[in-house]
Every structure is written in C-alpha cells, then in structure tokens.
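Sending over a structure as structure tokens; questions will come in a sec.
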Amino acid sequence: MRISARNALKGTVANVVIGPVNAEVTVQLAGGDTVVSIITKESAESLQLVKGKAVYAIVKASNVMIGVE
Amino acid sequence: MRISARNALKGTVANVVIGPVNAEVTVQLAGGDTVVSIITKESAESLQLVKGKAVYAIVKASNVMIGVE
Amino acid sequence: MRISARNALKGTVANVVIGPVNAEVTVQLAGGDTVVSIITKESAESLQLVKGKAVYAIVKASNVMIGVE
Amino acid sequence: MRISARNALKGTVANVVIGPVNAEVTVQLAGGDTVVSIITKESAESLQLVKGKAVYAIVKASNVMIGVE
Amino acid sequence: MRISARNALKGTVANVVIGPVNAEVTVQLAGGDTVVSIITKESAESLQLVKGKAVYAIVKASNVMIGVE
Amino acid sequence: MRISARNALKGTVANVVIGPVNAEVTVQLAGGDTVVSIITKESAESLQLVKGKAVYAIVKASNVMIGVE
C-alpha cells in the first residue's frame, strides 16, 4: 500500500519496550539519527518488531514541527 | 527551552512553500533523508525559514508510526 | 508495506479540493459513513486521487477520540 | 457541544483494555468496520465506557491519511 | 456530546483567517493566554466562528508536549 | 530553541503519574485552567518533572479543535 504520509525514514529497530497498552520502539536510521515511536502493544506484536528488523519510521507532514536554535 | 518531544532531527531547510494559512517546509537531514513539515504561515515567517537555514525537524513520539515491507 | 496504524477503513474518493499547500479528500466508506482527510496537495497529486478511486482512510489509534451523547 | 472535528463515526464499544495511564477502546461501527482508539484511562473511566455502549469515534481531519493499494 | 479529550479551555474567538482549505482561529482564553487552532474552512464556517463568539479550545492529551526553560 | 508550535502556555506541574511506557502530566496554568499531557515516561524523567516545577504546555496549532455549546 502507498500512503499519503510524506515521511518514511528507513532504519532498523534498535529497541522495543512493551507496556500493557502501548509500546515504545526505537529506530536507528541509516543516516545516524534515532527516532522513537509510541504505537500500540498490539501493533508491535502484530508487526513482529524485534531488534535488527528493517522498518520505516513514518510521520504525517502535519505532525512535524520546526525548531531553530 | 528543552521539550518533551523525543525526536529532533538536525538538518537544513531545502524548500519553503507559503500558502494563505499553512506553509510546507522541506528539511534535508544530515544523514541524507528529507523530512516534509506543514506548519502555519505565521510560524514559517516568524522563524524566518529560508533555504539553507539550520533547523531541527521535531516530532512527538506518539506521532511516529512503524512500517514494514 | 504494512503499517502500525490500527485503522484502515476501505472506501472510495467522493471529493477532492486542492489548495495551494493542503488538499481535502472526502472518502465514502463501504458502510455508509464519510470520512474527511486533510493531506498535502503533493500527496493528493502523487496518489492521483480522483472521484471514485478505491482508497483507505488510515488513522493512528492515538488520534481517535471517543464521544458519548 | 458541537466540535470542529469533521469525523464522528457512530458505533458501539466492542472492547476496553485499561492500562496504568492509557486505555485501548475498540468501537464497532454500524457499517461493519472496527476502529481502535487510545485515550487516557481517566477518560475511559469518566465516560463509563463498557461493552455495548453507544459511542462516536471522533477524528480530526488533519489526522486522517489516505492509502492506495 | 461529552468527548474523551481531556482539555477544553474556555475562551472567545479573537481572530479568524480563512484559506481555501484550512482556517486559522485564534482563541482568547479567560486566563489571558491565547491559543491558535488550525481547522478546516468548512468547520470554521459550519460553526459560524466570528470574533467574540464563546468557544472552547479542545486538545487531546496525547497532543500536549511539555517544555522546560 | 525556538519552535514552530504556536501554543506555549505557562504553568506549573500539578501532578505526574508514571506508567511503564507513558506518563500523564497535569499542568496548572497561571490563568486557572489545567492542561493534561501524555508524554513518554522517559521524557518525564529526563525533564525531571515534579510537582511545582515551572513548565510550558506546548501544542501544535493543527492539534487544536474548536467546540461550541
């Protein structure tokens, strides 16, 4: 499926913490950055997210803010 | 100000499109990815976003999804 | 690509309004409801969204609220 | 109260999972789809969400993405 | 309708800017703060938002970040 | 860092509930309102959020809805 979300950053799962409802997934991007994601426990299990798995961190453009130092 | 948003990806502004209410800002990350952001026109102007400016693309962890091919 | 977003509602595009930055896409669900989406103009054009096209309205679970009358 | 969110899909609560901070609520829509929502535990309790209760799944249009197969 | 969103801040409309797809609504809170909202043009018109109208600025808790100086 | 989010409401932490993945932070605004925020447990700990600490409740304008009675 192609999706309207403009941002899909390629990486690998670096860590997964499972809670009773949500899970925190850390993605190591190819470019060196890490991205942290909160998804449901159910999604983390359904997608079989484990360390080292190739994934995309996907973000809708309206959820990206800009910061300036 | 330090902010609770877990993701702040360093980059430079690659493009800005200003509309009557919103603006689309494209950020080139150091690692090679690009990230597209929709913010208000007012914010884009207030932060003086122009091509080449050093910025951060900031995303709250609960707004990051995971995709698997 | 499989995505962590828990909600993917099948329907057809009922209307598209293109603005200078964003676009409003109305999706008619099989079950009779309609769902309105705001995505970037660029995404609407890239996905070639036109009336009658089969699509999914996709929503991350953390973006769904509950109302009670 | 009338609210600006464009999407209010009528259904009944099919399941509720309560965690220490958040709760996952599954809504069965009249049209046959199911929608999963993450809200705070406090909201789930305050709205007295139990299986079979008539509710609306409410989504702001800017949080709806479009997918194409 | 009662809604799961935890935050409903009472105020009055201070300004409305209508674009082709979205509208920017500024709300003056009783406590002195102002809150800016982006909703669809259609919602702004449907709710007949004009300067001085009594409204609530509504935010889902998962969309609130915390900043520390 | 200056950020594009249009809303930064000054207040003090009134309560913090820590879960295994997320935390709920209640902020008492100077104007009398309270705002509830869900952030990651990691952010709550990293920002050392405790009762009485001066903070800002930060919200992107596209995440603010308008309600009318």
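Order as written gives the chain letters A, B, C, D, E and F; numbering starts at 1 within each chain.
By our rule, a residue touches a chain if its C-beta (ideal position, glycine included) is under 8 Å from a C-beta of that chain, and two chains touch if they have at least 3 such contacts.
Keep in mind the model is a prediction, meaning the values are calculated, not measured.
In terms of the stated touch criterion, the partners common to chain B and chain F are A, E, listed by label. Chains that count as touching both chain E and chain F, per the definition above, are B, D. Equivalent interface to B-F within the set C-D, E-F or A-C: A-C (over half of contact pairs identical by residue number).
Centroids of chain A and chain E (each the mean of its C-alpha atoms) stand 29 Å apart.
Computed from the mean C-alpha positions, the centre of chain D lies at a distance of 21 Å from the centre of chain E. Averaging Cα coordinates per chain places chain A and chain F 23 Å apart. Residues of chain B in contact with at least two other chains: 1-6, 19-22, 24, 36-40, 42-44, 47, 56, 58, 60-63, 65-69. Taken as a contact graph, with one node per protein chain and an edge wherever two chains touch, the assembly fits none of the named shapes, being neither a line, a ring, a star nor a complete graph. Across the whole structure, chains are in contact as follows: A-B, A-C, A-D, A-F, B-C, B-E, B-F, C-D, C-E, D-E, D-F, E-F. By the touch criterion given at the top, residues 3, 5-10, 24-25, 27, 29-33, 35-39, 43-44, 47-49, 53-69 of chain D touch chain C in their complex.
By the touch criterion stated above, chain E contacts chain C in their complex at residues 1-5, 19-22, 40, 42, 60, 62. By the touch criterion stated above, chain B contacts chain F in their complex at residues 1-6, 37-40, 42-44, 47, 56, 58, 60-62. Against chain A, the residues of chain D that register as touching in their complex are 17-24, 36, 38, 62-63, 65-69.
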